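Two complexes, one shared chain (chain A), two partners (chain B, chain C).
Take a look at the complex of A and B:
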């Protein structure tokens, strides 16, 4: 199906915003490391991850635009706080702690990959094709961040303690990646998205497997609060949004 | 009226902005449509939202507009079908190898049923484009452009780049 039926528009846009907003804000946070990462290769990697994430978010905003007719830049930068759908872990500052940056990246990348795999089975072909294509790029992100978890977990006592602390600190926020977007059941019922079972379980298993293999531990509980996916954001989000909008709002009609 | 052959000849002279290869050998051109004096070129980006796209579009528009019998040129980018490393021609692969850029063998995770979680970077012995040795190591999965990784050959002691398998 190349055209999305009108009654699926609202819930589908909600799902697409979750993906696009996650990637936009995570890309923004990753770009904090440009020029100052611990080694040159890590610097290039985080700058590339930021470029990839922001390019992916842009592709999803364009997909939304193809349905709603809104300008993709306007969608990205000029919504109200409660209209953003990212999970707030993507906006958490790592305070320039490398272990924290890796932990945040790890939780988010694994989730993104599993979510994209699921979206690539959509019967709405423009989404399925985009998701499948981005999945191939996202697999490289997961591979890279996995190697960092292994390095830090199996490195020195100090590196192990630092990554363990960061994994523990972010775990509750990471669970909130799994909060359901409003109306997604309608897309399952209508056969637009395929409900392949719980993304949370798949994500948790993947996370735990890599963490344990690296000699680390993690305790993950299901998300039980209403958060970013439903427009309820914390202070970190508000601060990140203000940073992102700073240039855009000086002239919202400017062409870039 | 301008014909497809002429158009492809012109497109074949346009280099990729980031690599020593023409956009036709890189497999970017999906479709050319001629409607009297209007030409539509459909292009597949290598990586989603690649930053070289506006440069490529401008170059195509400029070069084709110079042909006689052409009044306007439209360039569209689409993601379906997805571009993959399978689309690079043999001539293109040879040109990249000459410049120390290797291209993955085998079909990409986008066009086959291969589990795309299987990333080749850390798993298989990648061959060096300079000396063909498989005694190589990954330096970084992220390189000078989004579509390439950086490797080092332990046999000939040379660094090289590789197109990411997508």
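Take a look at the complex of A and C:
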């Protein structure tokens, strides 16, 4: 179907905001590394991938806009804190520890990939088409960050310790990627999204497979707290949002 | 504007004992804009191994213009006279300062032999500056039909020089249209001097 029924609007916008907000804030956080990543080529690559994430988020804000009629920039930049739907791992500060940035990127990229795969089976065709196109690009992100996990895991004792520590530290926040967006059951019941089983299980298996192959370990528990997907955010998120909004709010009506 | 995090970048960039990160080997990258184009030398990069060289090449040289296919090989393998009996891709630089261009593939015993065969088969007495050769076994090929390079799911024109200039020109035109040229110039002079 190309038109989304009215009673699915609210839950669907919730799901789309989860994707768009995750990618907007992850891209923003990763762009902190532009100019100062540990080696020149990693710097260029990480910045390029960050640009991709922001472009992807923009495509999802535009899809939301096509339903609600709001301006995509307004959606991205002028909501209240509790109206943002990202999981807070995307704004967790990495303290300019490269291993932490890679661990965060790894968990988020694999999750995005699995989620996009699932969304590409939606019976709402505009979403299925967009998810399919972005998913093909997301595979590159996963490929790239997997290369980093493998290299760090199989590099020196020092690199192995650093990435292992970062993976352990971020694992609890990574689980929160799996917090259910409000109303998603309604989309499953209505046949708009296809519930092919647990995204959490698919994500966890994918993560563990790469981590183990790289000579590392990780312990992942299901998410049991209410967090970003339901609008409950931590301080790092609030700080990131203030940064993102600073320029926009000086003149919300400006044309860019 | 810098993010708040950027105002707290640690001054010491690392506590690694070794500075080996700065001494990775150099890789040469060739890109093909469209399937019908030849592979042209795009530039070089430094990377610890072939797998990272491919990853970095895809983001660095594969994203500043449309890119159909991409070849990456160690600089050494392009310059070496040695090698064994196999196929070699050969690249000719016609003038000093111009980019190496892929001209074909030859069967040869080693790098020197491949260069000689390139002269005979492809250059045929024409002027040239340098020849690079690379054994097929030392060349990583990224082919976009199986391994995506250039991305098109979203508008990527911001990555391109022409995309940028188009948008900027539109903005300048719009700004100029709001004022007469005389007024614009007089303000410009006043602000500048």
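Things worth noting here:
What we mean here is this: the second predicted complex is superposed on the first by the 256 of 256 C-alpha atoms of A that agree within 3 Å, B and C clash if a C-alpha of one lies under 4 Å from a C-alpha of the other, contacts with A are read in each partner's own complex, and residues count from 1 in each chain.
Methods note: a residue touches a chain if its C-beta (ideal position, glycine included) is under 8 Å from a C-beta of that chain, and two chains touch if they have at least 3 such contacts.
Because the structure is predicted, anything quoted here is derived from the model rather than measured.
Aligning the two structures on chain A places chain B and chain C in a clash. In the superposed model, A:45 makes contact with both chain B and chain C. Look at A:23: by the touch rule set out above, it reaches neither chain B nor chain C. Shared-chain residue A:143: touches chain B and chain C both.
By the touch criterion stated above, A:55 is placed in contact with chain B and with chain C alike. Contact with chain B, but none with chain C, is seen for A:126 once the two complexes are overlaid on the shared chain. Of the two partner chains placed by superposition, chain B and chain C are both touched by A:134. The larger set of touched chain A residues comes from C, when the choice is between chain B and chain C. By the touch criterion defined above, A:104 reaches neither chain B nor chain C. In the superposed model, A:36 makes contact with chain C only, not with chain B. Using the contact criterion defined above for the overlaid structures, shared-chain residue A:96 touches chain C, although it does not reach chain B. The superposed model places chain B right into chain C at 59-67; the other stretches listed in 59-67, 113-121 or 185-193 stay free of clashes. In the superposition on chain A, the residues of chain A contacting both chain B and chain C are 41, 44-45, 48-49, 51-52, 55-56, 58-59, 130, 133-134, 136-137, 139-140, 143-144, 147.
Chain C contributes residues 1, 3-6, 9-10, 13-14, 16, 21, 24, 45-48, 51-52, 55-56, 58-60, 63, 148, 151, 153-156, 158-159 to its touches with chain A in the complex.
Within the complex, the chain B residues that touch chain A are 47-51, 79-82, 84, 108-110, 116-119, 121-122, 139-143, 146, 150, 164-166.
Residues 41, 44-45, 47-49, 51-52, 54-56, 58-59, 113, 117, 125-126, 129-130, 132-137, 139-140, 142-144, 147 of chain A are the ones that touch chain B when the two sit in their complex.
Chain A makes touch with chain C in their complex at residues 28-29, 31-32, 36, 38-42, 44-45, 48-49, 51-52, 55-56, 58-59, 93, 95-96, 130, 133-134, 136-137, 139-140, 143-144, 147, 151, 158, 239-240, 242-243, 246-247.
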